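Labels A, B, C and D are assigned to the chains in the order they are written; within every chain, residues are numbered from 1.
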Amino acid sequence: MTTYDTQLPGWRGTIERFIGHHLVQHLLVFLIIVNALILGLETDPDIHSTIGDYLMAIDHVILVIFIAELALLMAARGWRFFRDAWSVFDLIVIGIALVPATGSLSVLRALRVLRVLRLINKVESMRTVVAGLLSSLPSLGSVFSLILIIFYVAAVIATNTFGQAFPELFGDMFMSSFTLFQVMTLESWSEGVARPVMEHFPYAWIFFVLFILIATFVIVNLFIAVIVDSLNSQSSKPGNPASLDSELKALRREVAELRTLLIELKRPNG
Amino acid sequence: MTTYDTQLPGWRGTIERFIGHHLVQHLLVFLIIVNALILGLETDPDIHSTIGDYLMAIDHVILVIFIAELALLMAARGWRFFRDAWSVFDLIVIGIALVPATGSLSVLRALRVLRVLRLINKVESMRTVVAGLLSSLPSLGSVFSLILIIFYVAAVIATNTFGQAFPELFGDMFMSSFTLFQVMTLESWSEGVARPVMEHFPYAWIFFVLFILIATFVIVNLFIAVIVDSLNSQSSKPGNPASLDSELKALRREVAELRTLLIELKRPNG
Amino acid sequence: MTTYDTQLPGWRGTIERFIGHHLVQHLLVFLIIVNALILGLETDPDIHSTIGDYLMAIDHVILVIFIAELALLMAARGWRFFRDAWSVFDLIVIGIALVPATGSLSVLRALRVLRVLRLINKVESMRTVVAGLLSSLPSLGSVFSLILIIFYVAAVIATNTFGQAFPELFGDMFMSSFTLFQVMTLESWSEGVARPVMEHFPYAWIFFVLFILIATFVIVNLFIAVIVDSLNSQSSKPGNPASLDSELKALRREVAELRTLLIELKRPNG
Amino acid sequence: MTTYDTQLPGWRGTIERFIGHHLVQHLLVFLIIVNALILGLETDPDIHSTIGDYLMAIDHVILVIFIAELALLMAARGWRFFRDAWSVFDLIVIGIALVPATGSLSVLRALRVLRVLRLINKVESMRTVVAGLLSSLPSLGSVFSLILIIFYVAAVIATNTFGQAFPELFGDMFMSSFTLFQVMTLESWSEGVARPVMEHFPYAWIFFVLFILIATFVIVNLFIAVIVDSLNSQSSKPGNPASLDSELKALRREVAELRTLLIELKRPNG
């Protein structure tokens, strides 16, 4: 998340205050949306050939404003600019527009629309959602590694065994990985993959059924891990078992104190 | 939910008492079901050509009763009628039957069956279920916006990149959105979409695999959010951690009071 | 679950003791498994033509034993026999074998294998699982009714609108329901159903996308209801919030009693 | 998990200390990864024909090191070696490489890549994940048996009824089981299986719809059982309801003790 240090003194603070001002931020959100609509309209050949030049002009003006925003922020922050992941993301998606999109790089033209994703950084509720999604990723690292190992092992076996007979499905490690990804999503795994392969290799069903069972079992456990994680992360709220525990411990200390008081009280009477 | 204010004085109260009477409500439920069966029977060409006229007549009689119900309620409630979302829904589905269903509006004839949905408002247990479903929607707003942005970005990229070569799949923004929805449901995403596209654009797999991973990850998190929400909304029942917390706090106050009593007791003895 | 009243006096008790004896029950489980294997072997034409007669003979012997078991139990229990749902189930699956399986009833021959399901009643751990599955059904009644209404409404609309142009998909109410069930499972909903229909009715995508969104949303909520139900049914175990609550209430009563004792203690000293 | 008893005296301890040393373990992890890459590279025909001999040589050297590791460990541990499931797994995947992979055993060549799975035993975080996955299996035994029974019953019915007309789908018990597995994953169940069958057997939809409803219902309940299990297994942590319960019980005992003290205190005063 990009926050603006409006307390900063000097010209750096002036820049932060200016860009962080809610009117400037609202204008930027508006320009991101206008930019998104222009890029959407330009996909239509009719619109492209009639008012395409006007749209392109507006696109360029908006791009200049975005570049100015980033340039100002970089000037104010120096190297600290790169510590904020969202700023780096902004720099990359804006930078894409400056690469001459010719030849093999023409796909970069299409990626200009990634600028719309800047909206996520500008709108708080969506930033929260994305931060929540990303925060669940690190805890899934081990499961992802496990899925990668399963895929690698299955891809090597499939390429070696089925590769020569079915070059379109299992011709090389890449094709095998793609086909196994398709099998994992259960898309045409039987009609499109397993049944044709089984005509040459009658025992191929062992491979496919085992792969589906293991892959879906691991993935279901991945989902369950995310659910359990989400439920546990709720535990920092008041009224949860953990806060009850400390509350109970305090109560026991107080009751123990009462007991000491009572015993002291009893002694002179005894 | 439509509730009937039977305590209202004057003729308005008479209407509310009449329509809200359980016998009238039971009759209306019966008529909704009969109406549903008639509309189901009319789909059969044989039945339509033989006793279609009789069915149509019954349909018209039922429609008149429904219109009378709504007209009476509107007369009794005036503008307040429109504050109840279910009443407005009733008005729309009844109103559809009154539009002359000719030409391009002939599809409205088919929509007459939406009247059956009035059953949900009339039967309490189903109203509860639908209210529960609808209540989980607002909290999902941010995730829906995120999915919309992902779809928009992916649709622009797909239309620009694959549009010319595959007009049936990615010809314009609409076709791209529909195809991406199909890919998101994992239906024939590989055999029907990705593999043909990969024959022209060998690197298209990056786009499809990334889109599937991101879309399913966001949607799985959407489901998890609903589950966590459902589990938390259970927390207003007695015996839950939050009520335990206030119970414990009250207990601590009482033990503290005991301590004060004991110290007072000790002083004169000391 | 079929339990055997071994304390019953007279000949009825003798029968209950005999059938309920663990050796007899083990023999019956063994015969059910042998019967299952025979029915499985008989599906092979080679085995059927060579040792089919021997297998059929064993099948008949086992069937006679099963009939004897049920006849004895019916004699001992009279009308009470029919109060046990599992006994009625046994009677039906055994009864199927006695119906002459000729002509249009030949499918009943295939249903003889339902006898294997008697295993569930005989093995405790599986009876528990099935009882758990069935117990979650009643609470889902309202959601099932809702899904039925959605299906009915969608089937009437689809039959009226697409029926004439696509008789194989939406020819009558039954075909429409089957196709909508297929769409709900997301199987070939786009390549096999929506895309062909959209060539005649360009706006059909509204119907299919809405139907998929509503149907999957309701079904996801059905699953969530089952999960929340399962988690709540765990609440009858010791150490759960509800038992903590009563424990806490008892503790407060005892502390209040202490307070009364202390105040009484203080008065004579005061 | 393979742990190394570095405290063992004598030459056995020397071996355990040597193999268990973190540098040796790091080397083994490195060799497993190199081995995985070699087996991946060898799937490429070009690489295989050019530097295939060199890769094969490295593969043999690594294999010798792995055999030495296992041989040393077997020498040090004797029969205890076989008590560790991971050691037995290592022995099998290494042993596969020693079987002459000719004729019908040529598939064993492809299985050499299973060696990569040794990585799971060597890396702690992944061992934890796999142990977690395997630990949830035993509690699912009853549900797995239920699914097996449902499959067996459905396969016998399908083979007997549809077998002759559709030998490719339901020709024998094996083909029926495979097709039913495909139907359970919802892959082409309608376009590829149910619709063709329904052209011969109009009532086949009853079988397929029932099978899908029962199978998915049982599997959804399987997943829910895993989720509930995972949430309950969290209960051994501090601050959970169960520990709160024992905490509360201790508190009640202390308050009861206070009451005894108070009553004793009151008696001499009374």
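In this text, a contact is a pair of C-beta atoms (placed from the backbone, for glycine too) under 8 Å apart; a residue touches a chain by one contact, two chains touch by 3 or more.
The structure displayed is predicted, hence computed values, not measured ones.
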Chains contacting each of subunit B and subunit C, listed by label = none
Request  = Please decide if copies subunit C and subunit D contact each other with the same set of residue positions, more than half shared, or with different positions, and reply same or different.
outcome  = different
Task = Report, in whole Å, the distance between the mean C-alpha point of subunit B and the mean C-alpha point of subunit D.
result = 40
Averaged-CA centre spacing for the pair subunit B and subunit A, given as whole angstrom = 28
Query = Can you list the subunit D residues in contact with two or more other chains?
reply = 186-188, 227, 231, 241, 244, 248, 251, 255, 258, 262, 265, 269
Note = Full set of chain pairs in contact is A-B, A-D, B-C, C-D
Inquiry  = Which residues of subunit C touch subunit D once you look at their complex with the stated criterion?
reply    = 36, 39-40, 43-44, 107, 109-111, 113-114, 116-117, 119-120, 123, 125-126, 128-130, 132-133, 136, 178, 181-182, 185-188, 192, 223, 226-227, 230-231, 234, 238-241, 243-244, 247-248, 250-251, 254-255, 257-258, 261-262, 264-265, 268-269
Query = In their complex, what parts of subunit C are in touch with subunit B?
reply = 141-143, 145-146, 149, 152-153, 155-157, 159-161, 163, 172-173, 186-191, 205, 209, 212, 217-218, 220-221, 224-225, 227-228, 231-232, 235, 241-242, 244-245, 248-249, 251-252, 255-256, 258-259, 262-263, 265-266, 269-270
